[in-house]
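Contents: one structure, followed by commentary.
Each chain carries a letter (A, B, C and D) given by its place in the written order, and its residues are counted from 1.
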Amino acid sequence: MSTHRYTLTIACPDRAGIIAAVTGFIAQHGGFIVEASYHTDQESQQFFMRQEIRADSLPFPASEFANHFSPLAQAFGMRWKLADSALKKRLVLLVSKQDHCLNDLLHRWRSGELQVDIPCVISNHEDLRGFVEWHGIPYHYVPMQDKAAGFARIAELFEAAHGDSMVLARYMQILPPELCTRYAGRILNIHHSFLPSFIGAKPYHQAYQRGVKLIGATCHYVSDELDAGPIIEQDTLRIDHGDTVDDLVRYGRDIEKAVLARGLRYHVEDRVLVCGNKTIVFR
Amino acid sequence: MSTHRYTLTIACPDRAGIIAAVTGFIAQHGGFIVEASYHTDQESQQFFMRQEIRADSLPFPASEFANHFSPLAQAFGMRWKLADSALKKRLVLLVSKQDHCLNDLLHRWRSGELQVDIPCVISNHEDLRGFVEWHGIPYHYVPMQDKAAGFARIAELFEAAHGDSMVLARYMQILPPELCTRYAGRILNIHHSFLPSFIGAKPYHQAYQRGVKLIGATCHYVSDELDAGPIIEQDTLRIDHGDTVDDLVRYGRDIEKAVLARGLRYHVEDRVLVCGNKTIVFR
Amino acid sequence: MSTHRYTLTIACPDRAGIIAAVTGFIAQHGGFIVEASYHTDQESQQFFMRQEIRADSLPFPASEFANHFSPLAQAFGMRWKLADSALKKRLVLLVSKQDHCLNDLLHRWRSGELQVDIPCVISNHEDLRGFVEWHGIPYHYVPMQDKAAGFARIAELFEAAHGDSMVLARYMQILPPELCTRYAGRILNIHHSFLPSFIGAKPYHQAYQRGVKLIGATCHYVSDELDAGPIIEQDTLRIDHGDTVDDLVRYGRDIEKAVLARGLRYHVEDRVLVCGNKTIVFR
Amino acid sequence: MSTHRYTLTIACPDRAGIIAAVTGFIAQHGGFIVEASYHTDQESQQFFMRQEIRADSLPFPASEFANHFSPLAQAFGMRWKLADSALKKRLVLLVSKQDHCLNDLLHRWRSGELQVDIPCVISNHEDLRGFVEWHGIPYHYVPMQDKAAGFARIAELFEAAHGDSMVLARYMQILPPELCTRYAGRILNIHHSFLPSFIGAKPYHQAYQRGVKLIGATCHYVSDELDAGPIIEQDTLRIDHGDTVDDLVRYGRDIEKAVLARGLRYHVEDRVLVCGNKTIVFR
């Protein structure tokens, strides 16, 4: 991630010659491809690609890329995006009282592993203010007794912060459909079960009652249907009969942290392309 | 497993002194405990234990164990069982057309890893007769056009074979509730999903449609509710967006084999105790 | 794998424009790319690529591909290969007495999962003849009391069978350097440890003595240095203090089967490119 | 962990009747066993056990346990220990510049998951002072230009803090044999490889050079031989050819944190018994 790069992501109807056209365009301008990934979704016959290009190998800046690329993009009916590694994404984190994901993300941020800006943290509790502010990050307390007012305030803060994405880092409030739709593909949640098992509240209690032998966590984009948005990353962990619900909660925190961190990294590095209610993750 | 052993499994209401009473009883007769496991289920306040005892360390044969142990068992309200490693369990395998689990189990059996007798294999197709009979194991074709007659025939064959347990090794028929109840805790199934996700038919298609990032398999006791019996063993495997349904089916076979083999071993070695709709597995 | 495909694998010095040149060549002939993977090795500055092309989309047969592609290949200094999915690879399996890997591979073969030809199985014991011949596959007993004669006979059988690759499926003989060199990149071995730990004999005993908490298996190309060739695939499995060496051997068989099967599939599908003593595996 | 408990750990030569004698002793005093684990090491014929007893079920305090238990302990030649959950263990953490393990452990501590006292953190750098002191924990900078003086100072600080155990949380100094011997079984290290592979410096570079397909981490007791002490916990993580050394370092941090946290919890809860150069971990 150290060199200056552009990440070009493209989705379009599948046909022969797309890779040749795009890589030909890049080569014609002297562009040096550092990483390249392709995928065709068989059901929708949509083609997806992601290329990382060394910025210094192109003769024009990112701002002029569209001028050059548009004719080709139109010819193939592409939806496309060019991300510039010099412009860090701005993540607004939302938390409640549990801070294991927050602690994990802030460490990755302050150690330079997670290369983003965090303009602010929003919470419906005051508990985590001290820890967040120690990092020099503004902390906004938004009470949720009045949900409509609360969510309006959150949207306002997100816009004021010029946020690119929201991260629900164990935020214990259900976002209204209107927000989910407005920021589709820009809100990540970590759910503490292996979806689609154990949707909704208290998934570890549900898992305990069902007697499963593994528990899991799921990082997904938030959609207007609860815990049903496109899945970005999941993982599971072995438990056994000796584990109480409290043990599941405790072990679960470790998978939640890991799964959210991985899913968020894929999102931040533009590795996730949404295809219907599924994701393509170019790792 | 080479030495002659008795495996004593016990369930009873929890209270102080149970371990002392049972291990005291064994010690008083000179019994040598090779492996010992204990668990209290907090919800039901039931206590579960499993002990492996060297057979040659006891001064009486298995047939007389009950005489000596009954007073203590009654005092504590125990349900208990003594399994003798010299008496192999008799497993009747049920299969349809897919043979990956069958191939795996028969290899474990003929290599001596799975120490059981397999009096026969039952199938609703003729396809696997040759492979089964090569092992010297009788193969019964039971057509299922008439389900009632078919299942009656299966029960008859199972009884005639003095079967201890049935193993549904990718048997594509749903057993009638009556059979499930009659042989509760004695019929194992391998379901090709991470239950409770994707119950019923075509779980890999369901998994593909939902866009999960891991697939799984579940070995469980069959109960009268479809795919809802006590879970014995589960596992998951990472997939990604490039995998088709056919790929999931192919990868899935490997988890199915592994999960069924492990679950079946726990069952055969009397490591599984049922507690409500959950299992305690003393690995 | 059902449609007729060509798999083009290429290695050459890295520079800008390679992907464009190759995909441009394919597009210019109307070729339809089904799967595409790229990698640059930073140390050696070598570029590696693999493309699957629909055979029916090209206007010439595989035999004429070289005519068309050679000028481009020479311009970029490419080593390249075109594999035709219609021509199954011919694998010669070598075994000793343990048959878990053999049983696993033959099942994958007879179920159609592993799309190869198996012209023969070679062993230094007679034990597995019956099982192999049941599959209709010739079985050659090659005693190894005289190692030089034995290995000469093996090479002779391999050549007579027009073998593409040898698979040492728990073959308990160390191949002479001369054979390893002659068939570099064409002999796969499964070693029963997580290399580079526990090289050589009795790795499970070594693992037990060291008190590791996971055991592993490694599929690698055989080179003239024992257990030091390029690694294709590895995996590990959790054990604990209660497990004896016999338990490790038993659990280990399951990882050995899985790791060999995966590694072999990558090899058969031309997904493995060797780079120095490392492999690139385009999964 | 919320109720007041005693944890009794015992090691002695194996023979019949040990469990009966110990559980009989506990039962005779009305003791209620909450968790019980047993193991016989076949090679040394040593028996190991661990029992958790509800403190309020015994009629005497922990301080008088020895008076009552000694006759039995002597009769069986036991080495034993009774830990009181009311007395938290005192852990002294040693760090250098990398803080991912420190950040993880301090979060577990401040959230109440890791129930210990941390009297101080010692480092050979000043970098992490601010973060540690924010937690209200004293931070001691001990420069290591003069190693003898440095280690003498560390021992002095450890003694002054009444430390029970030292945790080397990515402390980049090799402890002198004298310290290792003095505090045998009381110093935990996290090594960033799957031991015994890649002992010593720069294990991720070694792993990258060897081309392994999984990387790992190992939590072990420090002994006077480098990276060769008894292993408490290990884990591995899949990588692939696309990962650079920097990627391995980054992914590795996540396994290091997880493995150290688990190993440390086992240690703190007296679940680890050392047997020669191996550990029994009663999870």
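We adopt the following convention: a contact is a pair of C-beta atoms (placed from the backbone, for glycine too) under 8 Å apart; a residue touches a chain by one contact, two chains touch by 3 or more.
Since the structure is predicted, the reported quantities are computational estimates derived from the model, not experimental observations.
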| item | value |
| --- | --- |
| Most distant chain from subunit A, judged by the mean position of its C-alpha atoms | B |
| Pair sharing more residue contacts (C-beta pairs) when B-D is set against B-C | B-D |
| Euclidean distance of C-alpha centroids - subunit C vs subunit D, Å | 41 |
| Rounded Å distance, subunit B centre to subunit C centre (Cα mean) | 36 |
| Residues within subunit B bordering two or more other chains | 35, 242 |
| Partner subunit A, residues of subunit B touching it in the complex | 39, 41-42, 194-198, 210-214, 216, 230-236, 240-242, 244, 275, 277-281, 283 |
| Subunit C-facing residues of subunit B, complex | 35, 99-100, 103-104, 107, 111, 113, 134, 242, 250, 253-254, 258, 261 |
| Of all residues in subunit C, those that touch subunit A in their complex | 16-17, 19-21, 23-24, 26-28, 30-36, 38, 40, 57 |
